[in-house]
Each structure stands twice: as structure tokens, then as C-alpha cells.
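The following blocks contain the structures, represented as C-alpha cells.
In what comes next, chain A is part of two complexes: it sits with chain B in the first one and with chain C in the second one.
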Partner chain A sequence: MAAFLAALSLPCTAFAGPEEDRLAFVSFFQSRFPDILFDEFANGIYAIDADSRAQWLEIEEFPPYEFAIEHGQSLWQKPFSNGSAYADCFKQPLAEVRAAYPAFDAGRAEVVTLEVAINDCRVANDETPFAYDASELIDLTAYLGYTARGKKIDVQIPADEPGALAAYEYGKRFYYSKRGQLNFACADCHVTSVGMRVRADRLSASLGHPTHFPVYRSKLGGMISLQQRFFGCVRDVRARPFELQSTEYRNLEFFLAYMSNGLTINGPGARK
Partner chain B sequence: MHSTFANRPHYIRWATGKAPALAALLLLLASTAGAASDTRVAEGKSLATERSKGNCLACHMIEDGELPGNLGPPLLAMKVRFPSRSTLKEQICNATIRNRDSRMPPFCQHGILTEDEVELIIDYLYTL
Partner chain C sequence: MAPAHASNIAMTIVIALLAAPVLAEDIGARLAEAEDLRQKAAEAGYEWLETAALLEQAREEAEKGSLDNAIALIEKARLQAEAALTQAEREAEAWRSRVVR
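Right, the complex of A and B next:
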């Protein structure tokens, strides 16, 4: 346990590659919660908290994100004014689009998320890009998450791509760095304090965070992206939040998604 | 008690050359040593509870406090466990001195609470 924390809190060492990190990460949560099956971590806090799980299962019977999926589907199917459509940019079968992101794009030397790829497709077809908090964009990702249900998260860090490793390392450092007036690292809450309570909120495991986004948040009465959640948690520790889809958050998403490799995509989700 | 005294140097100035008054004042201070006034305790309690201030309940169970978190240990029997006021003050003002990786915000260090506010909170904690 001490060795695990040391390995993760140190910046890139010669021996600990992403796969060693991931295995240590997974085994930390598995030894913390020996009764929870690996795939259950895709359910966030509801994997851990039996009380709220019952409520959540009830909500899932009439999913509040259904409208977002339908809206996303109609947007996806509507051709651009030049006659082509999203499917002309995303060549893989529909069910495989979501799992192809986030990915390191060697040509651009940066991490490309699903949201960025959708906007790129629009720009390539002379359409204006969406704002990164636009409901159209989030609903498109809700549809793509839904069609990908059952597929696995499978983020690649190619050995011959030093940029990908650097992006990963950046995201990892971000996750373990203290920030803000409250002096919290993401890992302080979602690793070290997993399962504990901050006021009335129990803290979910990092493992599985990216599987179910976007989520419908009943508190907000609407859908939010994974990066909007990052934004909220950074603001809550009273740090200056970064822009949605900034390099910082893309690298953070890259790291976090890599940690969840092998988990089943189950988006969109419903959360408090 | 020391900080109360230090924070109010006008008492001393006022008392200079008035020996009987000074003696009376010292007696008064001696009799109240260790027992903070009710108003200080009440102020300390609200500073400890308010979400925009100490928000100690976010992480600590404190007697009748509502919706306490459990990231940190329960705050009870404080006088027995923290006989040294300065140790307690250091834990609140900058928890990272005792534990570099502390998940407790360094309240004075990061300007969340002033030292005076922490003194009030300590007066309250010592009633627990």
C-alpha cells in the first residue's frame, strides 16, 4: 500500500509505466473493496453505497437521460448542409465510435477526446463547432455512449509515441497534485478517501469515473460531460478551473480513462 | 488567555499607574483563565460550522453537528487530547506541518481563517 502510493505520487520513474500504474491502481481499489467485482466500479458511488444504489436503480427504470439519447440520435443522423454527415468522419461502426476516444493523435501531438473529434468533423464540413458545454454536443456524446454500451474502455499509449506517454504523465501528475485554497488533490478524495463522507456525500472511486459520462445530474436538472465534472471538482477545491477541453483536462481525461481500461462503457448515466 | 491579553494592549495602557485597578484586572484574568467567555465559544462554534468558514463538519464529527463527514477523526475530548493550545492551533492553521500529505486544508496558511478566528474555534473546541 505504501509502495503503491509512493509509485503513484512520484512523477514518471524509469520503471513504472502506465500499465504498472494501472494494475496498482486497480488492485488498490480491489483490496479496499474485496466484495465489489471489477466491472461494478463502472457504477461509481452506487458500486459502494448500498443505500443510494436502491434509489438509483429506481431512477434507471425511467432514465432521465433518455431524451438526451434521442436528441443526440437525431442530430447524428441529420446531414450537414454540404450533404455529408458525422458517419463520414467516423469510419468505424457506430458502436465503436465512443470507445475510440480519448486517443493520442500523433499528427497533432495532442489528446483528442470525443467532443473534440465531433467538433473537428463539423469544422471539416463547414459547420460551426459547438461550445464545449452546448447541449447538442453533450447529447451527441450521450447517443454515442448509449450505442457503445457493452464495449470496453481501451485507451492506447503506443510505445513508439513519446507524446502519448508525456500526455499521460501530465494527467497523472495533475490527478495527484494538491491544488486550490483547500489544498486537495483529486486523489485525496477519489483514491485515499474513497468511500468516506464529505458532509453527506460519499466519495466514489476514480476507477470507473469515465465509463458512464455524460451523466444526467438531478441536482442540475441536465446533462454534463466528464470535463464539466472536472471543472466542478476543481472549482470546489477553490482552485481556478481550466477551460473545458483545455490541454490540461484532455490529458487528465486521458490518464483517467487509461486507468479504467477494461471496464465496460455504460453511458449515459444518472447521478445526484 | 495569553493571546487575549496580547490582543488588548489598551487594557495595560489604561491600567498603568492605577495599581488597585491593575490588581483587580489581574485577579479577573486569573479567575477566568482556561474558561473562555460564552460569546467567544458561540462565535467559535459558528466559525467551525459555517460552510464558507471552517466547515469542520465536512470532515469531522462534532457533538450535535448535522451531516458530519468522516475524512478526519471525531473532534471530542479536545482538552485531554490536545492539552497544548499551540499544537492544536498548528493543526488547524497548517495541518501539513504534522502531515505533509494531510487532507485537511491549511486554514491560516491559505487564508481561509485568520489566526483570531482559529483562536475562537479553539475556545469552542475546548468545550468539547
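Right, the complex of A and C next:
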């Protein structure tokens, strides 16, 4: 009886289902920025910072990620040594490959991201898998993101698949947990302090984060994946980062992508 | 009552003991303790950025014979690892309060 009463007293939101979480998440950002339409959040910081948006629109006239798209396309079309190609690994039409990930693979009992699926394809065809920060891999995802422009993020968490829900809950917990010497959670910057300045830059909304990666980062002079951005954020709060495509980052990506369900894929993008 | 020179001798011995150079075995034990705490923080998923590097620097200082420097670095690493473990323990439930509702 005591345990039952204790359970009743726990914050019910922590146990809300994914769809209740998503609706609350979207509602928070729409309340915080009432003049911004839902679809605009796919543009990340450029949805909420007019000055940055003006610069971005100029950058988009000659997009710095074009070379990545072209390189990714040539890699995608180049046959493996055995004569097969990437397209043979994916059951979806080209324009739908990007939107199929991240997904929970019940057989493997883990989240599979686009990067993992590409490497799985390579291994299945006797090719060496890419390192997860390899430019070839990132350029392939840039090409797939480009071909998927206009498609919606649509992460599925089947009710009869407890592993998918567990992965989602893991990612949710990671997102809201403070870590590192600075004692920051992802949510501290991208929910609680969204729109506020960190030195010269404004903090972007988490709603829409997954739509535009990989992105060309001007400060780095190259393309980075969403998980490389996770790596950088974790390091910036002075916690030891996890490996790219670790369980932690895959589940975090799964949670964040679910939060952005319904937004339009518009990658690759360009960021400062 | 003991003669004044006797109490001076005792005080000298106490000061000498307090100022005694740190033994290499002591460094090893301190390193092992701090490394154990760091590993526990890592297993919890809460290791801080610098802790492993501090311990590596401490090993290098100890090898050079700079034992005081080594001890200072080990102590810093140990405090970081303990704080990371406290953070992990607190966040086991505290994260729930931040969920957007």
C-alpha cells in the first residue's frame, strides 16, 4: 500500500508516454515563441534569431555543403567490389532512406541510425566500415538528407515493442540529466535557456535539431553529424564524451528525433 | 615537569614527521583509490572531462620524483571523481523534475 501511494505521488510527467511527451515538448516551444510556426523550428536557431537568419540566407545562396552532397552522391552510386551498391541494402526508395532512421531494430534490440545502417551495408558487402567521423560517411548522409528534403521525420515506437520504448526512455533520461563539471543537462540550454545568449550566440531549440544534420559548420570548416554535435556539447559541459554511435548517443538521437516528428527534413544545413 | 629541552625535542620530532617526504607506496595507494573512483564514475556514465588526464599527469609527476605535485593532482582527480559519483546518484531521480510537461 505504501509503495502504491508513493507511486501515485511521483511526478506523472516522467512516466508519460512518448506521444504525450512530444505534444508537451512542442507546446513548450510554441508557447515560448508564439510567433513562430511549427514548421519553422526545422530551421533551428534561424527560426528564432533574426540576425543569424539574415546571414544564413546569404550563405544559402552558395551553400557550403554542396560539395558534400556531390561527394556523397558519387559514393552512393559507386558499386562495391562485389558489384552491389548501397541502394541494394535499403528497401526504401532513395528519397525515403533518410526518413527511415533512426529506427529501433527489434532483432538487434537496439536503435539503428543512418550511419550505422550505411556501415552495416558496407560490412554485408565485404567492405570496410567507415569510422563514424569519416568525411565519406558524413557526405553519404548529406546526400541522403538532400534527397529526403520535404519528407517528414516519422520515428516509430510500436506499442508492442518494449525495447523501443526502453531506448526512448533511455534517451529521454540522458537528455534531462545534468552531467559534467558544469552540471548541465541538454535541456538546460535547449529548453530552459532557449533563445538566451551564450556569449555572442543564441541557444537553439531542441525542437527541430535532427532535421538539418549533417551540417557544415563555419567555425570548423567542414561537415559534422548530429552525434558529433552531441559529442561537442557533452565535452563543452566538461563531461567525458561518449563514443560516436554509442548506445547513449543512439538513444539520445532516437528520443530527439521522436520529439521532432512531423517536422520536415531539410538537411544538410549550414551553421556557424 | 619535563625539562624545557625535552618538550622542544618532542616538538621537533612531530614537525619532522609531518614534513616527512611522501613515500612512493603512498602515492601508489592514492593513485589506485582515485583511479577506482574514476572508473566507478565512468561506469555510471558520469565521468568528468579532465579526471583521467589529471591521473595521467600525476603518474608522470610521480615518475619524475615530483611527489608533492603528484599528490596535488591525485587529490584533484579524486575530488572530481567523488563529485561525479554524487552527481550520478542525484541524477538517478532528479532528471524527472526537468521533463517538459
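Here is the rule we use: the second predicted complex is superposed on the first by the 257 of 272 C-alpha atoms of A that agree within 3 Å, B and C clash if a C-alpha of one lies under 4 Å from a C-alpha of the other, contacts with A are read in each partner's own complex, and residues count from 1 in each chain.
As a convention for this text, a residue touches a chain if its C-beta (ideal position, glycine included) is under 8 Å from a C-beta of that chain, and two chains touch if they have at least 3 such contacts.
The shown structure was predicted, so the numbers you read here are calculated from the model rather than taken from an experiment.
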Original post:
Who does A:197 touch here: chain B (first), chain C (second), both, or neither?
Top reply: first
Original post:
Touch check for A:48: first (chain B), second (chain C), both, or neither?
Top reply: neither
Original post:
Regarding the shared-chain residue A:111, is it in contact with chain B (first), chain C (second), both, or neither?
Top reply: neither
**OP:** Answer with first, second, both or neither: which of chain B and chain C does A:157 touch in the superposed model?
**Re:** neither
**OP:** Mind working out whether A:179 is in touch with chain B, chain C, both or neither, as first, second, both or neither?
**Re:** second
Subject >> Per-residue touch tally on chain A - higher for chain B or for chain C >> reply: C
**OP:** Classify the contacts of A:97 with the two partner chains as first (chain B alone), second (chain C alone), both, or neither.
**Re:** neither
Original post:
For A:167, is the partner it touches chain B (first), chain C (second), both, or none of the two (neither)?
Top reply: neither
Original post:
Do any residues of chain A touch both chain B and chain C, and if so, which are they?
Top reply: 181, 183, 188, 192
Original post:
What residues of chain B sit close enough to touch chain A in their complex?
Top reply: 57-59, 67-71, 96, 103, 105-106, 110-112
Subject >> Interfacial residue positions of chain A with respect to chain B in the complex >> reply: 181-184, 188-189, 192-193, 196-201
Subject >> In the complex with chain C, residue positions of chain A that touch it >> reply: 10-11, 13-14, 16, 21, 24-25, 28, 172-173, 176-181, 183, 185, 187-188, 191-192, 235, 238-240, 242, 248
**OP:** Flag every residue of chain C that touches chain A in the complex, lowest number first.
**Re:** 42, 45-52, 80, 83, 87, 91, 94-101
